[in-house]
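What follows is a set of structures for review.
Across the two complexes that follow, chain A remains constant while its partner is chain B and subsequently chain C.
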Partner chain A sequence: MVDKIKVKNLSCYYNKKCVLESLDINIEQNKILSIMGPANSGKTTFLRTLNRMNDFNVNYLRKGEVYLDGYSIFCMNMENLRKRVGMLFAMPIPLPMSIYENIIYAPKCLNIILSKSEQNIIVEQALRDASLWDEVKDRLNSSAMKISGGQQQRLCIARILAVNPEIILFDEPCSGLDPISTAKVEESMIELKRKYTIVLVTNNVKQASRVSDKTAFFLMGKLVEINKTDELFVSPKKKQTEDYITGRFG
Partner chain B sequence: MIKLSPKLSQKLSYLFLFLATILAIIPGVLIISIIIAKGWSVFFTLKFLTSMPTSGMLKGGILPAIIGTFLLVIISIFFVLPIGVGAAIYLNEYSKNNLFTKIIKLAIINLAGVPSIVYGLFGLGIFVIYLKLGVSIIAGALTLSMMELPVVITTAYGALNSVPLSFREASLSLGVSRWKTIVHIVLPNAIPGILTGAVLSTARIAGETAPLLFTAVAFYTPHLPHSIRDQVMILPYHLYITATQIPNMEENRIFATALALLIIVLSMNFIAIIARIYFRKNRKW
Partner chain C sequence: MKKNKDVIIETAIFMCGMLSIIFVISIFIFLFKEAISFFWDYNFIKFLIGKNWYPNSNKPLFGILPTIIGSFLVTFGACVVAVPIAVMSALYISEIAPKGVRNILKSLVELMAAIPSVVIGFIGIRTVVPFVKFFFNIPTGLTAFTGSIMLACMIMPTIITISEDAIHSVPWEYKEGAFALGATKWQTVRRIVLKEARPGIIAAVMLGIGRLVGETMAVMMITGNSANIPDSIFDPVRTMTATIASEMGEVVRDSAHYKALFAIGLVLFVITFIVNFIADLFLRKK
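For the complex of A and B:
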């Protein structure tokens, strides 16, 4: 077991109000860690801290450390960090351009590739890995805003894959999707863990049990429990966890 | 007090609002129709638009004034667009929301309300005298661009601000830098709004006389301008002098000049409206 990310005593604040308290979590390489918990328990804040998306927010403050492969992420160049730690948002956010351009956008900006044929290869590979290729291969040049929500979300996954990250953070990626689209996104997630380390925030207890290797339960800014998914769902150690997964919560 | 039935008072208030609306548009309709009625006969002797004035402006056309107006407006846009858009980018994308920024924003809003004659005097002091540009096209264009700047900054700011935050986040989360996000995502989606604002502000200044009075304008030039250091004739000023300073001026010629100015300004507004509708329709989000 290699720990890709180590979180040490991390606390986060908005306007001096604590929303994540003294968090210690290790995230294993090539595994899916899901984080579940009711709304406002700090899950999104945790993810946005991991790739420093919150650094632009002047009201946000953090203490503690996060190590990626042993190096503090807060000492890294922000762009390099985000390239290594991709993030998928709750709502699909296709950029207002074609499917093809959406995927090649970041690699182009990051000067990763040059020739047209190399671009084609990257686009195809990313779309295949996100299980979207077959559905859009005939209309790569049509607008990304015109495909369905589930397809848009997988396009956003493909867009992340195209920059070749090491870790992907999913923030409730299926909250706006129907069951069939959800199943497709989950399918591609399980495929992805062979190459990537995945953190999946979900408010869907079943989804956590279906796809993840480990599960953490957040409540009001605190980590209540973290364990292997099968163990956590069969024999939760804390009463709050049990209440939450059996649906007796709030 | 007389008590009116609710239905009647409803009807009366409708009537009042309707009359107020009619009253509001009557001057505009009158101005345009009178100018067209009196001006069109001279206007459509096409020579009027394409020839130099002769016989102390009593004969000939208004070509130099049309060209002067266009030159000033176009050159000023070249100055104002990069500066205005740059300032808007700074304000919308980079500046922190502190006292300094608030003061700048307030100052920009207030600059838009400074009387144009004040800009004219300022342009005279800075460009004509201090920078020794003389009374010239370039001095006039610079003065105009100062006047346009607050409007262009404000509209560009609005256009940048209307690009959804989520686009920026999506781009940043991929490891794309802030500057490249602005260049490749924010600006392309804001350009329609920016350009529409620029055209509208141009239409506004095309009819201005005061800022150009001391900085660019000549009563009469015998030939078309050769360089940006030349003085020029402009339509609004030409209109003023032919209407007030020249005895025995044929009235229809004055109205034809007004018609030319009106057409230029209105067609710019029209272009801006069409462009806005077009871009709205083709907006991708």
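For the complex of A and C:
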């Protein structure tokens, strides 16, 4: 097992208030790690730390280290890091342009000069990997705002794939979706782990058990337990974990 | 009781709305009436493309081409100066400046918008006019170029304020989405923020142009007010508005000259109307 990301003694603060406390987690390559936990337990903060999206927030402070392939992410160029570590938000937010442009936006933005045919290949490949190709291949030039929520979310996945990241962070990607769309997004996630390392934050216990290899349970800024998904759900070691997965709180 | 009040307020608002429409239409009719009686005696095409404006000679000529070119030159020059600076200022204010600086800048810009154009003219005469004369070594500093610079100062606040609004209203989520894909700040500004804010920025520029075309005092004071076709932007020019303003006081009522000035007014009205209409189209598109 190769550890893609190593988190060492990470603590995060907003306005000096601690929201994540001395966290140690290893994230294995080509696996899905899900993070579950009730609202406000610091899951989003954790993800946003991994690709440094929180660097924009002046109230945010961090201690500890995160290593990607052995190198500290806080010493890396921020844009390069984000190309390697893509992030998908809870609300699908397509950019206000066509489906095609949404996907080609990032490669173009990153000043990779591409011929039209190369662009077509990237767009098709990204949409196929996100299991969206068949649904939109006839209307690539229509506005991305007009497709359904589930399709938008998969479009956002495709958009990330077009930059060819190594890790994809999903922040409650299905919280606004109906069960059928959810199933489709989960399906594409399982497809994706062959090529990518995935961290999935979810407030849906069943989703964690369905798709992930490893599961971590966060509670009030602390990592309560992390284990192989089958083991954690069958025989949780901590009382709090058991209460949470059996639905006694949260 | 409440119902009555609602009805009264609604009617009042409706009346105000109707009033403004009636005003615009009456202005148009008024201008049109005077102008049309001018065109009975004087060929419209000759009026528009005539090179000479000799309203007081024995055989008067009413060609407004020099003043159309004058208006165009000054307006165009002012845009070239004002638009890039204004858009970049707007970007700085809404995207880069720290919060304290932003608030100060915003109020300063709004204050700038309140400077009357006569005062701009004064400042121009004392500063830019001698500077241009000296720097380019030309006989007079009262040129289209000078006018452009001063007018640019005049419309910049308008463009900055409206573009800033447009830029500021681009949702943070779009920017975050771009950042998450590894875009730099500049790439995000260029590819997302400017693209999204473009209709608003264009509308801001069009409103600025509308104001430029109609501007009178400052241009009269600093463009030299000479009704000849200029060879370059460093020649004195006269604009349509300046023609009306400087001659209306001396003209004999109901003479051909008097009506000719109204005809210029009509041309101006049509131009500003078109410009504002285009601005509106862009704002609507948003």
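By our rule, the second predicted complex is superposed on the first by the 248 of 250 C-alpha atoms of A that agree within 3 Å, B and C clash if a C-alpha of one lies under 4 Å from a C-alpha of the other, contacts with A are read in each partner's own complex, and residues count from 1 in each chain.
Going forward, contacts are C-beta pairs under 8 Å (C-beta built on N, C-alpha and C of every residue); 3 or more make two chains touch, one makes a residue touch a chain.
Please read these numbers as outputs of a predicted model, since none were measured by experiment.
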- Query: Put the two structures on top of each other at chain A: do chain B and chain C fit, or clash?
  - Reply: clash
- Which partner does A:S143 reach: the first (chain B), the second (chain C), both, or neither? first
- Task: Mind working out whether A:K83 is in touch with chain B, chain C, both or neither, as first, second, both or neither?
- Result: both
- Item | Which superposed partner A:L95 touches (first chain B, second chain C, both, neither) | both
- Message: Once chain A of both complexes is superposed, is A:A106 in touch with chain B (first), chain C (second), both, or neither?
- Response: both
- Note on the structure: Interface residues of chain A shared by chain B and chain C, listed 51, 53, 56, 79-83, 86-87, 89, 91, 93, 95-97, 105-106, 109-110, 156, 159-160, 163
- Item | Touch list for chain B against partner chain A, complex | 96-97, 166-167, 169-177, 180, 184-185, 189, 284-285
- Message: Residue numbers of chain A touching chain C in their complex, please.
- Response: 51, 53, 56, 79-83, 86-87, 89, 91, 93, 95-97, 105-106, 108-110, 156, 159-160, 163
- Query: What residues on chain A touch chain B, complex-wise?
  - Reply: 51, 53, 56, 58, 79-84, 86-87, 89, 91, 93, 95-97, 105-106, 109-110, 143, 145, 156, 159-160, 163
- Item | Contact footprint of chain A on chain C as seen in their complex | 171, 173-174, 176-184, 187, 191-192, 195-196
